[in-house]
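Some structures to go through are shown next.
Two complexes, one shared chain (chain A), two partners (chain B, chain C).
Now for the complex of A and B:
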């Protein structure tokens, strides 16, 4: 009973946690470039400002897709926190991504189309690897349920380190970080599929970005089940890794990204799967 | 807690080059770079008119860019502020009177802040943008204020007597 209250509370404050992660990330990134950087609460200031802007709408379906992107991502996170099926969580996350892609294709803006196209390519790059990681977790623990994965006696990191490396390789694709930020690419497609959203409708997309951080770090937390020190080390380490990578690399094009995902990350995940089976 | 006082802390900038010589653009990029770092005020160079608050224009208006300026201005949601960066965008500058130049930006869209200089220094640009944030806050308050009309609106044909109403407002 006590546990479910904590879980529900965690679900409700997860956008706030994600906003704090995003704020800290902007600060850390600025410090890496020797800038002062915005205040840590900056994402919430942006949130308050976007709420006051006058809402402009392209058409109702477009706005609906944007809001449903946020809602389905939150739902996926809720299933993950409540200890549901890992495969279901991954497919709900894919659903939320595809809603954003549909939203991008529903307008006539060429940048929106390009961004939606690139989002689909990014999903193609990371989704198979996530599913293979989920299958190898099943091979080790004997269950797809997140609650029983978390109750597994030894941390999964020791059982399948290659899967963690594969996850680290695709996290920049998932979080839209350089060098794999082709779907957002502010200098090329100006934000991609989210370009036509404004005001309160952009707020849904902006908050969904925060939820994405929570989702990714929750996936990392799975690898260090119930070991507080190890999970802290893993989450902090991957946070610093992603930001350092984001600051130090230039953007690749989509062919190079696909070649990397299927030539490097995918074989690592497959080898890991074979090792867990044998 | 008064949440509305936080909204002036995140002005997002749209930078448009309407035919500049690139001098002012380099200075704007210098503002984003580590030395001046305007991101500490919460500013982001979005490049997207639908999500930005401040329109930062450099360069004189050329015949090709005037429709784009009006289009970009129309696509920005209220409240919005226009900052002219450099002498050329304020008045036309050294290019004034040339066959392909229309003059300053204020001939086509309402301008709130003029930043002088050729090219304007990063300190001046930051100063101008900080003034623009104050104007943005004022416009935000104006949008929320309810106004009592001195003249009753009359619809003749498809037109409202809006000029008459606007004339009696202040």
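Now for the complex of A and C:
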């Protein structure tokens, strides 16, 4: 019973956790650039400020897709935290991404369309690898259920290090970090699919990004199940890695991204899958 | 019961003859009446027949079948001469020779020639309801076609007897009968594809004919081999399957599988189905959803108890996994809406056949789910493509960029259809998901092969979803000025049929757990000859070793359709509207999407597909 309450609480406060991660991230990134950076609570200040702005939308369909993007992402995260089926979680996550893509497509805005196209390509780049990792996890633990994966005696990292590397390689795509931030690239497509959202309606997109942080780090946590020290090391390590990468690389174009995903990350995931079988 | 089954066989033929005799109005009433009767009969039969029934036909029927066989092959010979097609000629000569030789050799089987079991009943439902909807739809569609009144009646009449042949093929137990019906479906598709009689139609019809004739030849080969194999005393499906374990000769099954794979347009035989696009749209709908190509998964399901776990099944699995991925990539490169649908049919057919070839309980359930939901969704999408063509005059997705404003209902239908083909809340997704789980469970024996099968399926699935969203994205774009959506009105025969199909999809979604227990599970357990272990534990369905949690799926069930519907109608009041951001520029622009050309790879696909087919023969011959 206790466990359920903790899980529900975790689901409930996950946007807050995501916001904190984002705040810390901005701080860390700034420090890497020798800036002082905003206060850690800055995302929440932004959140409040956005809520206060005059609401403007292009049309209701578009605004509604943005809200549903947030809701469905939260739902996917809830299934993950409650220990649901990993494949289902991955597909629900794909669904939520798709709703944002649809939202981007639903207006007659050039940048929004470009961004939605690019988001779709990003999804194509990381989705197969996520599924292969899920299958590898199944091969090792014998279950797709997150709850039983977490109860597996040895941390998955030792069993399938390559899968972890593959996950690290595609995380920047998923989190829209440089060098793979083509889908929202501000200098090119001015935020992509998000551009037409503003005020209270942008809030949904904004917090959905926080949820995405929680989702990604929860995936990393899977690799260190049952081992608090290791999970701390992994999450901190990948956090620093992603931010250092974001700070130090230039954006690539979508072809290069696809080539990287299918030429480097994909084979690594496959080799990992073969290793778990043999 | 037996009379009702015979009704399903004979009534369509009867009506197809009457259509020529009566006036146009009467044709409409008659057709709609017939399809309603056929649908009710198939539902009643599914509910009424508990086990299975055998239908005994009089002996002269055997002679009749043989004579029709010969006449049919002779007709193909006539086609070969009149169309000057060498390939059809070769196939016809081969078929004719084999057929004449077989007639002297086939041991006469008496009595039971039709065997209606759960699988047949399942197919009856699909065939009669979905094809019935298409028949009703084509009443209006063909009215707008530019051709003589006789040709219009010819079209409707062909569709009707096509339905009759389909009803018989899924009930046939004798393989000689099966061959006849197989060839008759080939004939029907040939006539329908060349309906418009222009150069490209005729060319594609010829391709369809000779490719499917190879399938017919493979069936004849299967009969030949089983006649000369000790142990296979009579050439019926039930007898072959029950003695396959003891006899151990798999070649007949490999040949039947080849026939199925050709019918299912798997590489390298995908060309005929893609070429069939030139026919009027109801034909595409018919070929893609409920008839023709569905023979492929049906036949593999039928022989799955015999080939399960054998190298033959392994080769089929590898081939179809390959096709699933490759056809999905092919779909991504298309602009023509119907061609996109065609590629995705080939791709999903691959998945159905794959599941059927695996042959475990969960896999068979997955295959059945896919067959059913794919039938409904594809039918709806193709009929909708027909409406787009006739009413809005658009054929390619790049022309559809205004559809969200001019034809929101049609755009909405495409959305529902695409969602139901792949995404989490709908049936086809569940089929796909069981697939991944089942293959996960299969791993112990041939792990490496199955690992790659999973990779292919996962990648193919991701590509298909990207495809659907790409197309959908182009359909729903609107400017802020068009805030209010008003669904367009189309002819009642158009919109009515589409609404019935949407209703069927939603019904399938809502009643999924019930369907699982009372619809899919009994069929699967009868088909696999296994005791099906389907339980509800808490909020999960357990099939064999796979667990299917229901609550998250249910919430997702509600979330996606509701989102799509609400998104169209929701209004945020008291919120200011703005124009789209455009950097302050005022420029002309058109929306487009990414296309990846894969034409260069086609020869390799054909080569790899051919290798798989040869491997299938070799493997079947060795074991």
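Remarks
FYI, the second predicted complex is superposed on the first by the 278 of 278 C-alpha atoms of A that agree within 3 Å, B and C clash if a C-alpha of one lies under 4 Å from a C-alpha of the other, contacts with A are read in each partner's own complex, and residues count from 1 in each chain.
Throughout what follows, contacts are C-beta pairs under 8 Å (C-beta built on N, C-alpha and C of every residue); 3 or more make two chains touch, one makes a residue touch a chain.
All figures in this text were calculated on a predicted structure; none of them were measured in a lab.
When the two complexes are overlaid on their common chain A, residue A:85 makes contact with chain C while staying clear of chain B.
Of the two partner chains placed by the overlay, chain B and chain C both lie in contact with A:56. Legend: residue contacts after superposition of the two complexes on their common chain; A:250 is shown touching neither chain B nor chain C. Of the two partner chains, chain B is the only one that A:186 touches; chain C does not reach it. When the shared chain is aligned, no partner comes close enough to touch A:229: not chain B, not chain C.
Applying the stated contact rule after C-alpha superposition, one finds that A:39 touches chain B and leaves chain C untouched.
Contact comparison for chain A: of chain B and chain C, C touches the greater number of residues. In the overlay built on the shared chain, the residue A:196 is in contact with chain B and with chain C. The contact surfaces that chain B and chain C form on chain A in the two complexes overlap at residues 54-56, 190, 195-196, 198.
On chain A, the positions that touch chain C within their shared complex are 54-61, 63-65, 68, 71-72, 75, 79, 84-85, 87-88, 91-92, 94-95, 98-99, 101-102, 104-113, 116-117, 120-121, 123-124, 127-128, 131-132, 135, 138-139, 144-145, 190, 195-196, 198, 270, 273-274, 277-278.
Per the touch definition, chain C reaches chain A in the complex via residues 404, 423-424, 429, 433, 436-437, 440, 443, 447-448, 451, 454-455, 458-459, 461-463, 465-466, 469-470, 472-474, 476-480, 482-483, 547, 549, 552-553, 555-556, 559-560, 563, 566-568, 570-572, 575-583, 589, 591, 593-594.
Per the touch definition, chain A reaches chain B in the complex via residues 26, 30, 33-39, 42, 44-46, 48-50, 52-56, 186-187, 190-191, 195-199, 202.
The touching residues of chain B, when paired with chain A in their complex, are 3-4, 6-12, 34, 37, 39-42, 46-48, 50-51, 53, 75, 77-79, 140, 143.
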